[in-house]
Structures are given as structure tokens and as C-alpha cells.
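Chain nomenclature is as follows: A, B, C and D, assigned in order of appearance, with residue numbering initiated at 1 for each chain independently.
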Amino acid sequence: MSAQIKVAVLGAAGRMGEEAVKAVSAAADMELVASLGRGADLNEILEAGATHIVDLSVPAATEANVRFAVENGLHAVVGTTGWDEERRSNLEGLLAQHPEVGVLIAPNFALGSVLASAFAATAAKYFESVEIIELHHPNKVDAPSGTAVRTAELIAAARKAAGVAKSPDATDTQLDGARGALVDDVHVHSVRLRGLVAHQEVLFGGPGEQFTLRHDSYDRASFMPGVLLGLRKVSAHAGLTYGLDGYLELGQ
Amino acid sequence: MSAQIKVAVLGAAGRMGEEAVKAVSAAADMELVASLGRGADLNEILEAGATHIVDLSVPAATEANVRFAVENGLHAVVGTTGWDEERRSNLEGLLAQHPEVGVLIAPNFALGSVLASAFAATAAKYFESVEIIELHHPNKVDAPSGTAVRTAELIAAARKAAGVAKSPDATDTQLDGARGALVDDVHVHSVRLRGLVAHQEVLFGGPGEQFTLRHDSYDRASFMPGVLLGLRKVSAHAGLTYGLDGYLELGQ
Amino acid sequence: MSAQIKVAVLGAAGRMGEEAVKAVSAAADMELVASLGRGADLNEILEAGATHIVDLSVPAATEANVRFAVENGLHAVVGTTGWDEERRSNLEGLLAQHPEVGVLIAPNFALGSVLASAFAATAAKYFESVEIIELHHPNKVDAPSGTAVRTAELIAAARKAAGVAKSPDATDTQLDGARGALVDDVHVHSVRLRGLVAHQEVLFGGPGEQFTLRHDSYDRASFMPGVLLGLRKVSAHAGLTYGLDGYLELGQ
Amino acid sequence: MSAQIKVAVLGAAGRMGEEAVKAVSAAADMELVASLGRGADLNEILEAGATHIVDLSVPAATEANVRFAVENGLHAVVGTTGWDEERRSNLEGLLAQHPEVGVLIAPNFALGSVLASAFAATAAKYFESVEIIELHHPNKVDAPSGTAVRTAELIAAARKAAGVAKSPDATDTQLDGARGALVDDVHVHSVRLRGLVAHQEVLFGGPGEQFTLRHDSYDRASFMPGVLLGLRKVSAHAGLTYGLDGYLELGQ
């Protein structure tokens, strides 16, 4: 058996952090050795003997947290937002000096959502038509969701690379907005409904058939299997990996 | 047992007419006594001993066909479009002189679609949120579909009558069209996908729950159970009935 | 404007009770005047000036709670289980002596679920085929769910009353269990999946069309709109009403 | 530009054959040079100058048809059933003597169905729970469908290879059949409903999320994009390929 993975959770007092503390504690192959809230002394991580950190803090803190981990030879799994290209480029510079350390930064840890995006990109060139419907609670302020926009972009890029034409559409009379928003020529529809959490359907159509990928996120617990998978694999992926799909086996 | 219903099909050479000829012929309690194409002599109906007609002809012919039936004491089930308010008003004048005759004019004979609309209107006031998604083949030229617009109007009217507020929506940043078209403050989304026929979902949401009514129309055979139901009930509904829901038992 | 509804919540420390305390407190037309946990003195209800009680206690306590309310002229909305026919019959005897008092006992307060059952019963006789799929979390110990069994019974009764035949089925070779359980000749399928809460689909099929009623319960907050609706209507329904559908306007 | 693909359709009078004749005729990069019914002289294929055949004949004829094609240096795309292991082994022997010829034998040409199976196998190890629901018209005599059984076997094999436990299930009281059929420990449910054609859902569940792959087959036209894709790729895949997924790019 491999040794226990000794985990420090940073941002442990936040809602995601609380979930991570529970998930790591419950994993048979892991040991929760430290959980740090805002403003804690990062040296606690070293004193506790951690080999890995999970960073679920805030955009203002995450860069310092991750750099501290890398400088001390700890692997890092990062769910905090705010990692723009400049930050990632700087981090890669640091990782070049610590070639044995792995860092995973993932904008989304829900396995179903990551798989749905990857499969949508793979399927995109095999169908004449594709549209996206995303459905969320009515307190969401942006439409479409960021995930839907990224999925549409992936689909559009795959279709362009394969020389597939735009989805056919004979509409010549429409009420404004009926056909949704266009993201790189992919129609995206945003539904807002009390009671929902976060849901997305990618609908593909060809002659006589429909193929649908649907992901339902009911609870933020959905991120934890992806966080645990990241912790189990990060030491085998030295350097920076951006996106959980980099750790999944997606071919046959 | 009641006597056989002796049916003449008008517009029998059209696609709907062909289906009606098959459906009437297969019904144990009916007899197909005549099937007339375009330009046929309406007296054939009388010579054949019909007690009922099914009119599936064309807008230019339907009014004359139905008036002929009423004047000769025959009940009529009508699926042809073109019955605007003026035509219906004129027909009601004629029916007043033939008080024993029943006429059913229905814009939609698919039982599932008619029930979905009726249930949507009933449910409308019990939920905070409601939206409609309709999905069709990509050769359709209008968006949203006429059925979706009528369903939205029914829902909006029911909510206004009950004093229910608009569906909540915190969207403040959106790509143009993402939130769909607004029909009387009900959001309606139109999907166009190769392979589809005609499909509609009405989605209701309240705290912690979602309630969905979905209708899938795969084939024009879906209209025939409604046509047969109309033929069986029209003699018991003297005068003009507009909409198949007038013949359905929709309460408990 | 009508006067405030002054509500005492019994069983206020339970999970449903906590939700009710929040929901009543948030309702503009209600005032939460008392919330009682297990073993509290029922006289607190009277001292607080309640006009209505919500009973979400336990089977061992609910009968005494409701009888106390009725004897003191208070209306009661009851979500606790355990009201078998004998208890209901006894309660009706007591209500005969208090003809101005209303009691609602409801096995299910989720509006979407109650509407789905009622619509399923109404639609049952209009389609050749019907089956039920219920989907729950994998910790559920019984299959099918009680709601699915009751829905199947309602559908079967409606079809028998209308003389509709069993759903057609040409299956002659099957793996044991593939076609689900039979409840009064209605096929019922039970799915158990990690991540789910409580979901049900009733699928109707006729020539060329499908009609589907789906209810998703994501959270026990889904019961609160039904509890509030009960509180608003119970004073207008003297005597015992069993089932929230008795308060809904389900016809057109 | 590549030269035209010159196609002979065998079994051209059958229902699938008729679709293939239409699809090949409509493809810009193909030319239909021959269409042969039952009992036709295979030399017609050579006289017409075909470079490829599509075999959609019957099990009794398909082996001779394909061997004839291979012996004459023509590539073959085969949708006829009846290719058991012995026949395939014999064909591979023949192909060894014609190393430039490609043959594709596919039990299923619907791209959505093939992708759904492949994605289900890939996703299988990432979720705690998985079940399958297949839905068909009520004239189908077997349950579950062959596609559902194969999908369950693929999923089960992938989970076993990865050491994933059976889906959790606390059911201890059930009506016989409620939990479906077991195929290698995967629960499979078969719905039969008038109006449906052929539909399948694979449902995966993990903590707080659900991931669903759905395929709807509405019409046998759904096989044609796969047949055309096979014709375009078969010359680049010398030897025997079994299953259309062998020609799809399924990784990222």
C-alpha cells in the first residue's frame, strides 16, 4: 500500500473548505493534518507534516499559499479562482525550480461536469446540430453561465477544426431572444427557476437521432470526489496542470 | 351498444387525411363510408350515408365543407386551419338554426399536447417560477412555436388572475438572447435540432422542487386518438366547440 | 385585508419543524406566536393567542396535539405520519362537535408532487401506455417508493373506471426484473443513485406521442409552500380534509 | 480533392438499403454506381466500376457478398447481422491475402448510440453509482435491449478493471422487479411505451451530482451518417474493424 497522503486544507472555514475537511477526513488513504482559516501562519502546514495542500481560500490569498507550498516541496490542489494567465505563468517559473512538485488548478472539480465538457468536445464534429441549455437558480446574475460559455467555445473549436458547418436553422421570424444567445455560432439558452441548483444539457442532433449530455449539480459535495482524485494523482503529475480533465483517462 | 359512427373523411388525399382514413377504418365503433379528395362533389357524403365528417382539407375549402355538413344535419370534426373569429362567428349563426348538430374545431388534436397546455394553466399559480422550452427540427421558420406562445399566454393569464408575481430573475449581465423571448413575461426558449420532430417542456420551480410537463410529438399519427375521441363525443356537444380540451374531463 | 394568521408550530425542533418556523416567520400574512418542542405544555399555544397550529411532531404525539387544537377551536395543518383510518375516524367524530374547525392532514405537502399525482390520474385514461420511474438516493430501503405505489394505484383505478385496457407489451423474453414491478398492472421502475434526492416520472404513450409528468424534490423546503397554502385555506374548509389536493383548484 | 467514392449498395431493396441509396446519392463526395437486390449477379458491382460496397442484405447472403468484394479489391462497409466469431475469423484469413482492403462490420451505425456506449465505458469508473434505463415501443419482444446489455457489460468491465465497488443500494424491501434486471451487477430497467422508437439513458451518480448520457433514435435515417463515415474511412483502415467506434476519435 502507498503511504498516507497528509493533507492541509487552506480556507478551511469557507463553505468549500468545510466540505474538503470532511471529505479528506473520511478518505481511508488520507490524513487531515491541518486546517487553516484566513490569516493563519502558513508554517503550521510544515509543522503538521503535510505532504499536500488543498487551497480553497480566496483570490487574494491563493497565490501566496500555493507558492509557499511549492517552495517547500508540497503538492497542491487548488480550487480558488483568480488564476489568470499571468499568475499561472509566474507559477510555472517557480515550478521549474522545483521539478518534483505537482500543482493542479481546476476551475471545476465536479467530475460529471468535467466529463460532460470533454465528451461534448469529442462528439461535436459528429453531429449536424448542437445547442446548449443551462438551468440555474434565479439568484444567478450572469447568463449564460461561465461553464456553458466554455462548453460552447470547446464545441465550436472542435467543429471548426473538423470543417463542420454551423448548425442548420431556417428561422426567419422570431421573437427577440427566442433562439438564445450565440457563443461562437453555438446557440445557448439560460433558464432561471426557483428550486434549481446548477444544471446543463448539451443537445446534439443528426438525421433521425438525438444525443444528450446532461449534468446536474445538486450540492457542493459534488466537488469533493474531484478534489480527492486530484490529491491522489497530483504527485504523479509534476509541474502545473490546469483543469481536472488533465488527470482523467478520456480515451478508450 | 350505440350504432356505428358513419364517417366521411374530407381532404383524404392529404397527409393528415390519409392517417384519418386509416384510423377510422381501424376503429371498431366506426365505419368509413366515404373519403373525398380535392374538388369532389360534397353530395357523395350524403349518398354514402355519413353521420359525421372529418375535415382535414385546406383553408380555402374547409368553410364550405363544414357549412354543407351542418346544413345537412351531420356532425363535424375539423382539423383544418383558417378558422378565424369571423368564420367561427358565422358558423355559430348557422348552428343556431341546426340546434342538434355539433361541430368541433381543434387547432391541435394531440391529446398529450392538449393535456400539457391545460395542466400548465392549472399549475401556473402554484409555483414561483415558470419557463418554457420548445424543441423542433431545424426547418421550422418561426420561433417560438405557436403552441409555445399559446401555452405562455395561458400560463400568464392564470398567474395574473391569481395575483402571482413574475418569475424571479436576478440576471444583470447577459449575452443578448440568453434568457429567451418574453411572452407576457414568461421566458420561452426555442431549440432547433436536426432529427427532432416537435417537443415542448413547461418547467415550474418552487423552493426545493421542480415540476415539469413534457410533450413529445414523434409522428402525425399522434393526432388520430384525438380525432377519434372527437368523433365519439361531437354528437353530445351541440353547437360549436373550439379546442379539444372542451371534450376532455380535466378536473378530478 | 384579512387578519394575520397566528401560528403555533408543534414539533418545532425537528427538521421539518425548523423549516416551518422559518417559513411562517417569513410569510407576510402570518405571525409565528409559538414554537413547541417535544414534551412542551400545550397550554402555551392558547396563552400565545394562536388561531392555527402546524403539527410536524411524531406519530406518538400528533393525535393528542390535533385533538387539543380542535377542542380549543384552533385550525390544524398536519404533516405528521401515523393517521390511519381509525385515528381519522375518531377525529371526524370530534370535529362533528366543533363544526367551525378545519383540519388538513396531508401525507405530502410538495405542490409539484401533489399536482403530478392529480394530473396523472386525470391523464390516465387518454393514453394506451403508462409506466412510472422513480429515482432516489441509495440509502432508501424500500422500492418502489410509497408515492410511486400510490400514483400507480390512482392511475390504475382511473383506467379501470374508464374501461381502458392494460398497457400493451409484447415482451416474451426478459431478464428477471427488466420490466419492473407491477402495481395494479402498472409497471414501476425504481432507480437508486448516489447524489439524488427524490424524483418521479410518469410516462404516457400513444400513437406518435409521449407525455411526461416529472417531479424533482431537491430539498425539504419543497414542503413549505404547501404548508403555507394549507394554513391560508384551512379555516374555509371545516371538518377533516385528507390530502392537499382537496385544497387545490385542479379543473380548468 | 480526393477522388469520388464509387459505391455499390447491396440489399438495396430493403428498408435500410433504400435509406443507404438515398444517402449515398446525396453525398457530394460519393457516386452511387450500382444498387443490387436479392439474387442479383455480383459481377454487376465490378462492371459498374465500384470501389466500395455497402452490404445491407440478409444474414444468409452477407458472407458471400463481402468475400466477393474483398477478393476483387473493394472495401466493404457492412451493417447486416450474422457475423459471429467464426465468420469474422474466416474473413480475417481472407483479408490477410488482400492486405490493402478494409472491411468495417458494425452492429450499430447510429453515431449517438456508439458515442454513448464509448462515453459510458469511459465515465464508468468515476462515479459511485450507475444504472441504465432503456425505452422502446411495446412491440419489442426482448427486455432489456441488446444495446442496453452490451452497455452494461462495458460499464461493468471498466469498473472491475479500476477496482470500483458495486453501486450502493440499501434496498431491503421491494416489490419483485422494482430494482430492474441485473447485468454484471448493473441495474437495467426496460420501459415499453406506445409511440416510442428506441431510447436509452445511462445515469451516473456521485455525491451531490448526476451525469446522464441519453440517446434517442427516432428513425432509421439515424444510421446513415455512420454508414457514410464508414465509407469515407474504410480505405484507410486495412483489415477487419468490428464496431464503428474503431473509426471514431474518442480521446481529446
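A few remarks follow.
Quick note on the criterion: contacts are C-beta pairs under 8 Å (C-beta built on N, C-alpha and C of every residue); 3 or more make two chains touch, one makes a residue touch a chain.
Please read all numbers here as calculations on a predicted model, not as lab measurements.
Distance between Cα centroids is largest for the pairing of subunit C with D.
For the pair subunit A and subunit B, the distance between C-alpha centroids works out to 46 Å. For the pair subunit A and subunit C, the distance between mean C-alpha positions equals 39 Å.
Inter-chain spacing, taken between the CA centroids of subunit A and subunit D, is 33 Å.
For subunit D, residues touching at least two other chains, in rising order: 127, 195-196, 204, 206-210, 216, 218-219, 222.
If each chain is drawn as a node and touching chains are joined, the picture has every node linked to every other. Taken in their complex, subunit A has these residues touching subunit B: 127-131, 133, 135, 138-144, 167-183, 187-196, 203-210.
The touching residues of subunit B, when paired with subunit D in their complex, are 195-197, 216, 218-219, 222. Contact residues on subunit A toward subunit D in their complex (touch as defined above): 110-113, 115-116, 118-119, 121-123, 126-128, 204, 206-225, 229, 245, 248-252.
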